[in-house]
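Going by the order they are written in, the chains are A, B, C and D; count residues from 1 in each one.
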Amino acid sequence: MSLAFNLLTVLAIVAGALFFLAGTVGLLRFPDPLSRLHALTKADNLGLGFIVVGLLLHGEGLLAASKLICVWLLTLLAGATVTQLIAHAARPSGAQE
Amino acid sequence: MADFLLAAACFVLAMVALGLVRILRGPGDADRIMAAQLLGTGGIAALLLLSEAMDLRAAADVALILALLAAFVSVAFVKGVTRRETGEP
Amino acid sequence: MAFDIVLVLLVIGVAVWTIAARDTFAAVIGFVALGLLLTLVWVRLAAPDVALTESALGSGLTGGLLLGASARLACSEATASDEEPGAILQLIAAVLCALMSAGLVALVLLLPQPAPTLAPQAVANIAATGLGNPVTAVLMAYRAIDTLLEVVVLLLALVGIWSLAPDRVWGGLPGPRRHADPNGLLTFIAQLLVPIGILVGIYIFWVGSVAPGGEFQGATILAAMWVLASMAGLVDAPSVSGRRLRLMLAVGPAVFFAIGLTGFATAGAFLAYPEAHAKALILTIEVPLTLSIAATLALLVAGPPERASGR
Amino acid sequence: MTETALYGLCAAGLVGLGLFGLIVQPHPLRKILAFNLIGSGVFLLFGVVARRGAAAGLGGDPVPQALVITGLVVAFAATALAVALLLRLFQETGRTTLRSDG
């Protein structure tokens, strides 16, 4: 049983790491600030989600698990709103480039 | 398992490093204000992996603060950039 | 080990950027990034209490302060750039600083074996304080006088900042008035994050007696949330001559000092706690102290008065 | 070399870099940044000493760790005061130079 859980943890964390890789590739390759922002926030937040899922399967204790979920939700919430703000700020200076 | 988690943290950190190089180079401030977002998400991922690998439960609290303060710093970035562009004191 | 090497290289790289970047704003962003990376370093050094402080204060609040200042000083960069020292002077400085670093490296490598430590003593006496977190025990019990003086230093810094106000706005309100845009994004973010942040701040403070956390970390988060709300225009800074504000700033150190004095009667020394009531007394100090530290930190970011108060 | 010693080297590097910036950078805000960098390096040295003192079931010696927390708070207060002084100088003279004949 624990072997299966370990395997799932490894799989989820590898998937998370791949999303981080995708985010960085997007950051390096995309031509303008807005699409770079898109690559960064979407991919990295998904990557973090997979890593949280992987650690949930591995970790023990309800309190630790709920804290992990809180961290992820807070990151999503803060990330989603702040990204909007950054995009607003990026638009005029993006046009100047 | 700890070694695997540490390796994963190392990989995420390397990705953050690559992204940071791109972001800090600019050219505009618009890219640079993404630094807090990048380090926020990537740093939290690395922290959570470290906390499990080192068996240091408190690192989850650090991640909680990091998520909050990354948002705070991003708002301060945007405020700073818009103030710089409009020339408002 | 691979993780540590990557982390150290990244820290040094970002530090070089912070020093060498052309643009001051870019350098400040480098500094904030450095703070976030140092948080990881502190976790690797098994110091979660410090990691919490570094992420909240060293990176977050300091970052906000410096970003605001660099935006205000943006037009002054041209005047300063022609004062850069010549190449020879830069080279001499680089050599001397490298020597300094080399000396520190030698020092690190030659540290005594086995390393001296106070950890056994800290653990042996922790039961007497009723606390579970040895770092909080050091801050609030073993070296309480340091903490008391530190809070006084914070207040002195605030007095110093306030005394920079010009005569016509003396005792007025710090910072420009910001008006909230009721449908604006920033208002939404602040309304969303500030309540969560206050909750997290109180949690970090409360958990500090048994786990990493404590009054400084909690207070920093509370202060950051106030700064966020004021950036969004949801709250206005109070007049620095207001009696209620002054009371809030002074109550923490005053309670700390008063309980310290009662230590003469109950336990025979300044800042000593009678063993039976140690935890209750420490908590009595910590609650007002957190409030005072949070108010002081927030006002340190807000800066000197810039508007005359309405009265 | 142990991991702890590696972070010691990192601390030494930060102090050197910060000192260089403090000497070379003409803009006062950059000097404040550089000074904070020196501070980070010194705190990290404390962290290395604390980590080496791990004993009695703790990950590190709590005394230097508590000192670093105190230090971080005081460093913040000093930074805030320095920034306020700089902004006032700029407000008064329109310049940020530290030279008296400037």
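Note that a residue touches a chain if its C-beta (ideal position, glycine included) is under 8 Å from a C-beta of that chain, and two chains touch if they have at least 3 such contacts.
On a predicted model such as this, the values are computed, not experimentally measured, just so you know.
Enquirer: Just to be sure I understand: going only through chains that touch, what's the smallest number of steps from subunit A to subunit D?
Expert: The fewest touching-chain steps linking subunit A to subunit D number 2.
Enquirer: Skim through the chains and flag the pair connected by the most C-beta pairs in contact.
Expert: Result of the pairwise contact count: C-D comes out on top.
Enquirer: Measure off the straight-line distance from the CA centroid of subunit B to the CA centroid of subunit D, and report it in whole Å.
Expert: That pair's centroid distance is 21 Å.
Enquirer: Compute the distance, rounded to whole Å, between the mean C-alpha positions of subunit C and subunit D.
Expert: Once rounded, the distance between the two centres reads 12 Å.
Enquirer: Compute the distance, rounded to whole Å, between the mean C-alpha positions of subunit A and subunit C.
Expert: 28
Enquirer: Enumerate the residues of subunit A that touch no fewer than two other chains.
Expert: 74, 78, 81-82, 85, 88
Enquirer: Check each residue of subunit B and list the ones that touch at least two other chains.
Expert: 16, 29, 33, 40, 56-57, 61, 64, 68, 70-71, 75, 77, 81
Enquirer: Enumerate the residues of subunit C that touch no fewer than two other chains.
Expert: 44, 46, 49, 70, 72, 186, 189, 193, 196
Enquirer: Using the touch rule from the top of the page, what pairs of chains touch, sorted by label?
Expert: Pairs flagged as touching, ordered by label: A-B, A-C, B-C, C-D.
Enquirer: So in the complex, which bits of subunit D are touching subunit C?
Expert: 3-21, 23-30, 32-34, 36-37, 40-41, 43-45, 47-63, 65-70, 72-81, 83-88, 90, 94-97, 99, 102
Enquirer: Could you please specify the touching residues of subunit C with respect to subunit A in the complex?
Expert: Of all residues in subunit C, those touching subunit A are 185-186, 188-189, 192-193, 196.
Enquirer: Per the contact definition, I'd like the list of subunit C residues that touch subunit B in the complex.
Expert: Residue list for subunit C touching subunit B: 2-3, 6-7, 9-10, 13-14, 17, 21, 25-26, 29-30, 32-33, 36-37, 39-40, 43-44, 46, 48-49, 51-52, 55-56, 59-60, 63-64, 67-68, 70-72, 74-75, 176, 186, 189-190, 193, 196-197, 200, 204, 207, 211-213, 217, 221, 224-225, 227-228, 231-232.
Enquirer: Would you tell me which residues of subunit A are touching subunit B in their complex?
Expert: Touching subunit B: residues 6, 9-10, 13-14, 16-17, 20-21, 23-24, 27-28, 33, 36-37, 40-41, 44-45, 47-48, 51-52, 55, 58-59, 64, 67-68, 70-71, 74-75, 78-79, 81-83, 85-86, 88-90, 92-94, 96-97 of subunit A.
Enquirer: Mind pulling up the subunit C residues that touch subunit D in the complex?
Expert: Residues of subunit C touching subunit D: 1, 4-5, 8, 11-12, 15-16, 18-19, 24, 27-28, 31, 34-35, 38, 41-42, 44-47, 49-50, 53-54, 57-58, 61-62, 65-66, 69-70, 72-73, 76-77, 79-81, 83-85, 89-90, 93-94, 96-98, 100-102, 104-105, 107-109, 111, 115-120, 122-124, 134-135, 137-139, 142-143, 146-147, 150, 153-154, 157-158, 160-161, 164, 214, 216, 297, 300-301, 303-304.
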